[in-house]
Amino acid sequence: MRLLVINPNISEDVTRLIEREALRSAAPATEVVLATARHGFEYIETRFESLVAAGAVAELVAEHHGQVDGVLVAAFGDPGIPALKEISDVPLMGITEAALCAAALQGQRIAVVAISDRITPWYRDCIDRFGLGSRVVSIRSIKEALGGIGAVQDDFQDVLVDLAGAAVREDGADVVILAGAPLAGLARNVRGLIPVPVVDGIAAGVRMLEAVCGLDGGGHRAGSFAAPPPKPRRMLPPALDAALATLQKGAR
Amino acid sequence: MRLLVINPNISEDVTRLIEREALRSAAPATEVVLATARHGFEYIETRFESLVAAGAVAELVAEHHGQVDGVLVAAFGDPGIPALKEISDVPLMGITEAALCAAALQGQRIAVVAISDRITPWYRDCIDRFGLGSRVVSIRSIKEALGGIGAVQDDFQDVLVDLAGAAVREDGADVVILAGAPLAGLARNVRGLIPVPVVDGIAAGVRMLEAVCGLDGGGHRAGSFAAPPPKPRRMLPPALDAALATLQKGAR
Amino acid sequence: MRLLVINPNISEDVTRLIEREALRSAAPATEVVLATARHGFEYIETRFESLVAAGAVAELVAEHHGQVDGVLVAAFGDPGIPALKEISDVPLMGITEAALCAAALQGQRIAVVAISDRITPWYRDCIDRFGLGSRVVSIRSIKEALGGIGAVQDDFQDVLVDLAGAAVREDGADVVILAGAPLAGLARNVRGLIPVPVVDGIAAGVRMLEAVCGLDGGGHRAGSFAAPPPKPRRMLPPALDAALATLQKGAR
Amino acid sequence: MRLLVINPNISEDVTRLIEREALRSAAPATEVVLATARHGFEYIETRFESLVAAGAVAELVAEHHGQVDGVLVAAFGDPGIPALKEISDVPLMGITEAALCAAALQGQRIAVVAISDRITPWYRDCIDRFGLGSRVVSIRSIKEALGGIGAVQDDFQDVLVDLAGAAVREDGADVVILAGAPLAGLARNVRGLIPVPVVDGIAAGVRMLEAVCGLDGGGHRAGSFAAPPPKPRRMLPPALDAALATLQKGAR
Amino acid sequence: MRLLVINPNISEDVTRLIEREALRSAAPATEVVLATARHGFEYIETRFESLVAAGAVAELVAEHHGQVDGVLVAAFGDPGIPALKEISDVPLMGITEAALCAAALQGQRIAVVAISDRITPWYRDCIDRFGLGSRVVSIRSIKEALGGIGAVQDDFQDVLVDLAGAAVREDGADVVILAGAPLAGLARNVRGLIPVPVVDGIAAGVRMLEAVCGLDGGGHRAGSFAAPPPKPRRMLPPALDAALATLQKGAR
Amino acid sequence: MRLLVINPNISEDVTRLIEREALRSAAPATEVVLATARHGFEYIETRFESLVAAGAVAELVAEHHGQVDGVLVAAFGDPGIPALKEISDVPLMGITEAALCAAALQGQRIAVVAISDRITPWYRDCIDRFGLGSRVVSIRSIKEALGGIGAVQDDFQDVLVDLAGAAVREDGADVVILAGAPLAGLARNVRGLIPVPVVDGIAAGVRMLEAVCGLDGGGHRAGSFAAPPPKPRRMLPPALDAALATLQKGAR
């Protein structure tokens, strides 16, 4: 199984964090292909930054069309999800939806721990869209300014553990998601410090994607995730244009 | 008051329909500036087409930054909303949210009449995101293939009126939205044929935007629609890059 | 365009506040007609007071039947809404629903600032009924006893600004509604002190009513806001009785 | 125990139906006092008719203040509920909320059978307000014109039984409410014809009111159903004015 | 009327508390039969303990099949509800659903006061399942370790009253439920100390059950609470096996 | 990895169907241990049958305590979930929650195809409890009587495919779950006949359980899924008693 894992942001250091955790999580037979957004932001905190990232991800998805068995969009907040599912004929998912499922299968009340305050409304939008908003009891976040994005999990490990603990004690959380690709791998280090199951977005994403790919339940030849119906279009990035053409041919 | 009205699609004939209705709806003192997406699709039926359109709209918003008093995104389904609000220091809204408000102020149960079946899940997403999903009792749609997008309202007027009538009789609708920029202006012609108030997306968009601009309640210097916080970025379209820089300076 | 703006309470000084803001908000071509409830309370804090006010408003609506192009019920909490829409053949709305729409078009998370603690459950009922309860993150209120109702905005300006600020900082509000006719006009004075858009109920009411009247989408000849079907009735106020008779004739 | 049962409508023949069922349902030690609205409509089908009825009920509640141990508002749709609870220092409830509770305690999915199509949106509003909207799977109604309101249950018995049967078969209802005071007593006659428990609004109202009165859990000295705080008022019906004065004295 | 009141737990001292309040609450003509779970826990705090209790209750329900007119499951959290309704041909209810109805008929916003922190997620599940989750504003609980379960109401009376008071002041509760059979009878002692109506689960259970039994609206011959359809089964407790056989015969 | 897969019903032929699909779905390194309920029903259609099954499953879970790395409860409707999670110190999940996650990660609107009409309300309860009720657009079911439960998928393959097709065409489903252990393995045979992804409950259960076990995020030492706090208990099945004792020791 060959999985494309896309960092929707331009931060190569976060790509390396993602890669490390993806490789540790993937099954022996799984090959992981990493890609990093060519344009966009260092990380996503807002709805607009997410929109820009979604465009960058779309190009990467299209460029890998036909070459992979599944695609993981590796930024919490799931930029471009669910729209991007329409342009993939293999399972494509975001790490938020994967993490939410992994959490919901372990506990009733879910808490999310996030790296910045500004990021939380976008997360809430994403969670509500997925339909599990009633299960998420809190999104707690670091309040201080971040240094380098690739160092967040080191700089703020104690703060993040404290936020998780507070979510358990005060919000009644049964399970905690450490949200955001910059925290990839942190769960392994801190799970002993948090008294409920901890979910790592990247790990959950890789494993859930493997699971869904493995189900092999067939593609979208109908419904709202089938390829967009053919119609005049103009000036799309060439790979995207080509992928759409291929998909639309397949859908007939 | 100077309003930018953006057709998120590449269809110039729909831009002309939009323009005609926008001019009829705008107050005497309002100046309407039209813009058409330079890349993208002839019209939007799917979540992915909407995502592409959102990118095209973002560029146009940025290009007109500082030159207009309000922005209307003139495709039902509100591509890029609410993300685009972050990059505008004047009110910016979509015609779906405007039409929903215009409808909700007139009746309790709202029906939407749409131009294609495939379009309806995307509309439902958009309506639910706005928070008025509990008020929308049905989305009824044309089931036949469309001819030219600019001619839909002429080709299917009877069908559309029948769909509206069925929504009133069978779904208990108190008000009907004729959804989609290609139907701009149709409400004026058919309101006598439909026994409840009819809402035209473009007309509602222009008038609601005038209303909100007129309120002049101040901008977003805090909260989740303030300008995205400065952080490294790369290879954004130049106008967008410039607009972000200006906004971030202003936010300080 | 001729708009009837009704103060559902007996407080003439609040009527003057409403009038002043309505005149400042209305378009040049709009004529504003003010009316004050002849019976009822100085202001509304409870569901029962709202019920009494609704009866008083109904009489005023009926007395002006056929003489105006739109009606605004100018008390937050929308006494008599949506019932009163059935006895008006022109658009009739409340300032809460208008303010909610104006707010929802500007931000995702809405806060309401209110003049008394007791008033908040009634507001919550009204907001939930309109269907935008999921968007309203908090209703914060003055906790101290009020002096004269006409002086609330002067006596408590600092408190109200502080409540708005707390709603932004602690509740994550993107937009704030200053609720209640006694606060009419306050938004103009304080918008610089609040870092998100501020919505004035009266201003929003006038402008949203103008917008909906301007849409001119047709009346309710069917659905749940059509005139009540004729049936025996007894001892209604004469104007109401006459208005019902006229409406029922028109509906045939 | 002395219970006031109010017909919110002017229809004396419906009052007699209500009385007959109330007497059959009441415990031996319960005294039932009937009252009929002095002004208003023959029956309520719309939100506005309900608003008028609420005013008429308020006067009757006030006139009996201090003389009864509980009050039942005997029209489905619960005119004036919950506002009227503020002006009663004994339990006061509507037959819809009582019937919903009686139904919800017997089955998961509730169907409502109603006497007219126009009546159903008002019922839906009332059900949603009470908070059990998710339990009500359908409101089915007579589609034909009614003859005399007091004869509906005789004229349409077969139709009503058929509607109940369809609700069970097609909507998956576990329990059926025969809604509306004009149907008082019908459940006794038809329960053998309907394969799930049948709830009569008047019978449920009397028994639920007896139950709540019997609980004797104390009144509302705080919270949103305490008496409205004193403030200037003008020209209320004298009994209402007197009741308010008494309540406000008691609340101190 | 003969009512079976089941303590789902093995605690005989709580059975005595239940009995005392049940006898005080029941109508003169009502006979109350008490039963105590033969296996299980001293009291229920968790979902699993509730599951075990549900099994114990099922046996007791079956053993009394045909001998009583109604069944009350007397533990807050309603173990086995709604499943147990399928094996009873007389009304069967839990004290949570009864208390919620009694509360919802008196106030809009309901608070629950509970005996332990761990118990609250189970209560929340139960409340949400019943469909009145939107009405319950808080569940407040004793934070200290309990002594003997039969003495909780004596040991913690002041704490419980304080929790109720805080629910009114801080959560805006209009009515308070003292939750849990160990608190049976407490409401009578403390209602003067709490400024809103107080609901006792056992008292509400007995009175609501009397009310529903009295309605006599017919049984479940169809729908999801009819007897389970016959199919092979093995090794059920003999009384349960016999009751199922009888019910399935009756359903034909 | 060693997974315990429990058939909550007494039907050995269904256990064989489960086993076959579990083995085909499991990763090479996964060992699958099957267990069949010793008491209960041939299959579960109702809430009560599910309650009985939950008790039987609890015993099996306890008997395997400490011997497996994860537990799958292999009946749609998830008998005993979430309660049983409290008595397992390894991940334990039901096939409904697993299938819902697998479906929600592939499409927005989910349809469920079920083997009997009576089964659907129980499924709806389970889906709503999990929190994804808003995503499930329909539960369609076989209407005819079943022959042997082990032969349902053969006897009704065409009917089931037609139900799935109707869910896509008429309900707008993006993904279809073939629900119920008796349908284990059917998805492999029919996926080409259904134009959207098809989810098999057993396959999804095995793969999701592998994924969550693999995450290894730590256990529940706090929150509502920690072991039930120690308290007097009586006459539990010995294995259950022992497992509880062990868990409670571990939790300290």
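Letters A, B, C, D, E and F mark the chains in the order given here, with residues in each chain numbered from 1 onward.
Keep this in mind: contacts are C-beta pairs under 8 Å (C-beta built on N, C-alpha and C of every residue); 3 or more make two chains touch, one makes a residue touch a chain.
Everything numeric in this text was worked out from a predicted model, so none of it was measured.
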Any chain in contact with chain E as well as chain F: A, D
Chain separated most widely from chain A, comparing mean CA positions: D
Separation of chain B from chain E, taking each centre as the mean of its C-alpha atoms, in whole Å: 52
Cα-centroid distance, chain B relative to chain C, in whole angstrom: 26
Numbers and ranges of chain F residues touching at least 2 other chains: 82, 108-109, 121, 125, 172, 174, 224
Pairwise touch network: line, ring, star, complete, or other: other
Chains grouped in pairs wherever the two touch, ordered by label: A-B, A-C, A-E, A-F, B-C, B-D, B-F, C-D, C-E, D-E, D-F, E-F
In the complex with chain C, residue positions of chain E that touch it: 108-109, 172, 174
Residues on chain E engaged by chain F in the complex (per definition of touch): 10-11, 38-43, 45-52, 54-55, 58, 80, 82-84, 86-87, 118, 121-122, 125, 129, 224, 228-229, 231-236
In the complex with chain A, residue positions of chain E that touch it: 120-121, 125
Residues on chain D engaged by chain E in the complex (per definition of touch): 25, 27, 82, 85, 91, 93, 97-98, 101-102, 104-109, 130-132, 134-135, 168-169, 172-175, 187, 191-192, 194-200, 203-204, 207-208, 210-212, 214-226
